[in-house]
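Two complexes follow with chain A in common, the first pairing it with chain B and the second with chain C.
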Partner chain A sequence: MAHYDDDGWGMPAAGPSRARRDTAMDVDDPPLVARAADDEPARAPRRVDFRPPPPSAETPFEQLLRHWMNERHAPDVLHAQEGLLARLLDHIKKQTDDVALLRADPDSSEDEHFRIMLVQTEAERARFALRAYIRTRLHKIEKYARYIVETPEMRERLTQAELEHAQRYAALTESHFTRAVLDALPEEQRGLDDNVPFMPPMISRPDKTRAVFAHALVQCPPVHLPDGSSMEMERGQISLTPYHVIEQLLARGEVELV
Partner chain B sequence: MALPPSLRTSVIPAELELIASEQLVEIIPLVAMERTAFISGAYGPLRPPVKCRVPIWMATNLKLKKKCHIVPPDWLNVEFLQGRLLLETTRPEFSEMPFRFAEIAKVLLDIASEDFQEPDKIRSLLKDIREARQAKSREGLSKLDHSELSLPNLSSMEINEIRPFFVRSMGVLTQLVRDPAGRQMEL
Partner chain C sequence: MSSSARQFGELATQLVTESRRSSATDTLLKYNDVLVRQIVREQRQLEALIQAAMARLAEGSADGELNVTPDVLLYQTAILRNKRCLLAYHAHRVERLKDMYWAVGGALPLLLAAPAAGSTAASAGDVRAKLSPHEVDFLRAYNDSLRDFRADVLAGEELDLFAPISRPPRDLHVLVRVVRDCGVIQTEVGAIDFRRGQRFLVRRSDVEHLIVQGYLEEV
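Up next, the complex of A and B:
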């Protein structure tokens, strides 16, 4: 994977990453807080902007948290975020390596230990969120394994490793069902993918009509609602609506699920 | 098995707390620390008694080791919350609150109540606001239909609370709408 040394992500150094976070802070600082910091006496106009920051101001870790929650709430499997995960994993590894180096150094002071502890705490948080995100995907991938394997559109959304897992999982469950029960049934009842009229299909697929809470991060283009009308979500608006309505907005990162 | 059954239906408050802990809060450090690069950005330098903005998880960590005081956010004081409570009880709509106010207030009040003036008063105001808002979200259920329900200014914890019931209700409404249409098609 690429090295991020020159990004100033090394532990004690604070290069461009500091500038990056600072711009992010400017955006998501509610004006009220900024004003209070200046200790300005005229606090009268209590205009508080609690709206979410636009996605461009997010740090990679915040992006991961957003994708994690999207994945948790969406009934469907979303697009894999391989680039983001790789970047974060590299970064976690770099932080851990730096910590190991500093630890090995017998001259490091009490202050150093304290900093090491904070860096480790954060690395743990990042690892936890990463795992939680991947586990959420795995859960859905196993649930819809057969559907994923036979739908090209779904396969595209998975990473290579996830797709292999889905294929193996589908094959394993199928051979298990066959050996345990189906072999003993008459030929015509052995199918695992029958489409009986008036019955739900045997292969379970994501229920896109399930309602989700969507939180608009930007001003969104209009979408069609099931009742025939159209809706334009304003930045900051929260709506409960069926998943298929906002599916495209979510794929483009214009809304997040909360 | 990838996801324990307890986590499948909804997100749990502890997870929301983890996400909220990424937000920044002002602290007055009691120890010095050089500016340090973290995964989410660079924080510091800590130079007592100069105020500094750090993520809540770091503030919690420092506070538990008695290495900082937390400066309460501007919306977490008696005066502001009293104003919001008045709005909540006199107006039909939800008043504007930070999206993750419930999580942040809980974390900060749990670990740093001595940094607040009148923490008990703040707690009871938060509880009153919560109850006023809960009543409104229950009322919102009567406006639910199968296509869309707009919930301005609802906070993350409140959404999580009403999620299971609202999502299922909308599912039932969707089925009710879809079924007559389906039958017409067959005729």
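Up next, the complex of A and C:
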């Protein structure tokens, strides 16, 4: 009985007939707009809520694409979107099951076969975006693994599984360096986090001064630029700024990176 | 000392140059064990020199206050630089290995396998021979960690994390040519026995990993 309306998901549903789908809409999962509203208790002003308030027209798949692009452009690791991923995966699974069921049905018409194919293709594309998103995060997490492990603020942004991987990876690189290089050196030279003046630190961290293109989704509150002046972005405006300037706006979902 | 004509840090420069060459030609060079050992030896010499210099300074000053002389600074700079070069070399190799690992879709056995006779796949070079034992261990542990990660996050077979992410899928089906025998594979339409030279039109998601690993080729 898993049939969703097309608009709610941005994917054609695998329902065999329109009539069935219409009735299914009422009994099925509540529409996503309502759910997003549940997630978001009345926001106190100025409180930083890291769950971006999705513009109501945005489907979960579009949300994923937005998070994916943000993740690809941001130098830092952004907040994990566990709920969104779980919902999408769940949906893909249901659609795949439905498709399998419908394919097995000898009565389905030519028209329906065409629709099934559309659904399958769309599911493949959703899978592609999902794994690209996960891999993008994974890449950054590995790059900054040692920094993440020792910074509580970074740890909060990761899912449990990602955090575990980061810890394993950090331990792994350290032990690799230790065994390959450091063990052979005299004892005084074995540190892995020397702080030497005029040398870059040994634990690489995200470069928040990197320039990014930010596209304002709504009218944004003013942000401070490095030179002391402030900038206010109109809706739809695109600016090139250092990442740290729009970091908070991005976390609140008021801008997207392009 | 036979190496008296050499400057401190010269070997380390060679090592880093090797990393650059590896990047520029996009190949994995053989692990340069000899050079790494030589640098480590230089580090020991430097350490001995710096210790001797420090001892001399300690002797010279009565009140325990050290006036650091330029030679100590010189030794220290050389030590730190050599160490960073050593680590950079290893870190660079690790990154390359990870790239190669992902390029074959996380098929570690394939990456580490001895060169298969007559195979055309790019992955089946003699990669193993170019690695240090530590690097093989690293890859194994990395593989394990990723497998755990995958088991935690992704609901089983719903998502293949290792499938390529460079191009979004356009079609459900793909026409493939079999480059190497890969036995019987379960697909959507039943089991297919892939034999070299044959062509099939199959669902992309069923055989994606075989394409990545070089068993099949898209036509």
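The criterion applied here is as follows: the second predicted complex is superposed on the first by the 204 of 258 C-alpha atoms of A that agree within 3 Å, B and C clash if a C-alpha of one lies under 4 Å from a C-alpha of the other, contacts with A are read in each partner's own complex, and residues count from 1 in each chain.
Methods note: a contact is a pair of C-beta atoms (placed from the backbone, for glycine too) under 8 Å apart; a residue touches a chain by one contact, two chains touch by 3 or more.
Every value quoted in this text rests on a predicted model; they were computed, and no experiment measured them.
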Contacts of A:L101 with chain B and chain C, given as first, second, both or neither: neither
Partner chain in contact with A:A132 - chain B first, chain C second, else both or neither: both
Contacts of A:K93 with chain B and chain C, given as first, second, both or neither: second
Partner chain(s) touched by A:H176 [first = chain B, second = chain C, both, neither]: second
Contacts of A:A251 with chain B and chain C, given as first, second, both or neither: neither
Partner chain in contact with A:F114 - chain B first, chain C second, else both or neither: first
Chain A residues touched by each partner, larger count belonging to chain B or chain C: B
Touched partner set for A:T241, first chain B, second chain C, both or neither: first
First, second, both or neither for A:A211, with chain B first and chain C second: first
Doubly contacted chain A residues - partners chain C and chain B: 92, 117, 121, 125, 128-129, 132, 135, 138, 142
Sites on chain B touched by chain A in the complex: 2-3, 8, 11, 15, 18-19, 21-22, 24, 26, 31-43, 51, 53, 57-58, 61, 67, 73-75, 80, 83, 96-99, 144-154, 156, 159, 163, 166-167, 170-171, 174, 177
Partner chain B, residues of chain A touching it in the complex: 8-15, 17-18, 20-22, 24-25, 30, 32-33, 36-37, 46, 48, 50, 52, 59-62, 65, 69, 72-73, 88, 91-92, 95, 111, 114-115, 117-119, 121-123, 125-126, 128-129, 132, 135-136, 138-139, 142, 209-213, 215, 225-227, 229, 231, 237-242, 245, 258
Residue ranges of chain A touching chain C (in the complex, touch as defined): 85, 89-90, 92-93, 96, 117, 120-121, 124-125, 127-132, 134-135, 138, 142, 159-162, 164-165, 168-169, 172-173, 176-177, 179-181, 184-186, 188-189, 194, 196, 199, 202
Chain C residues within the chain A interface of the complex: 36-37, 40, 43-44, 47, 79-80, 83-84, 86-87, 90-91, 94, 98, 132, 134-135, 137-138, 141-142, 145-146, 148-149, 152-155, 158-161, 163, 165, 168-169, 171-172, 204-205
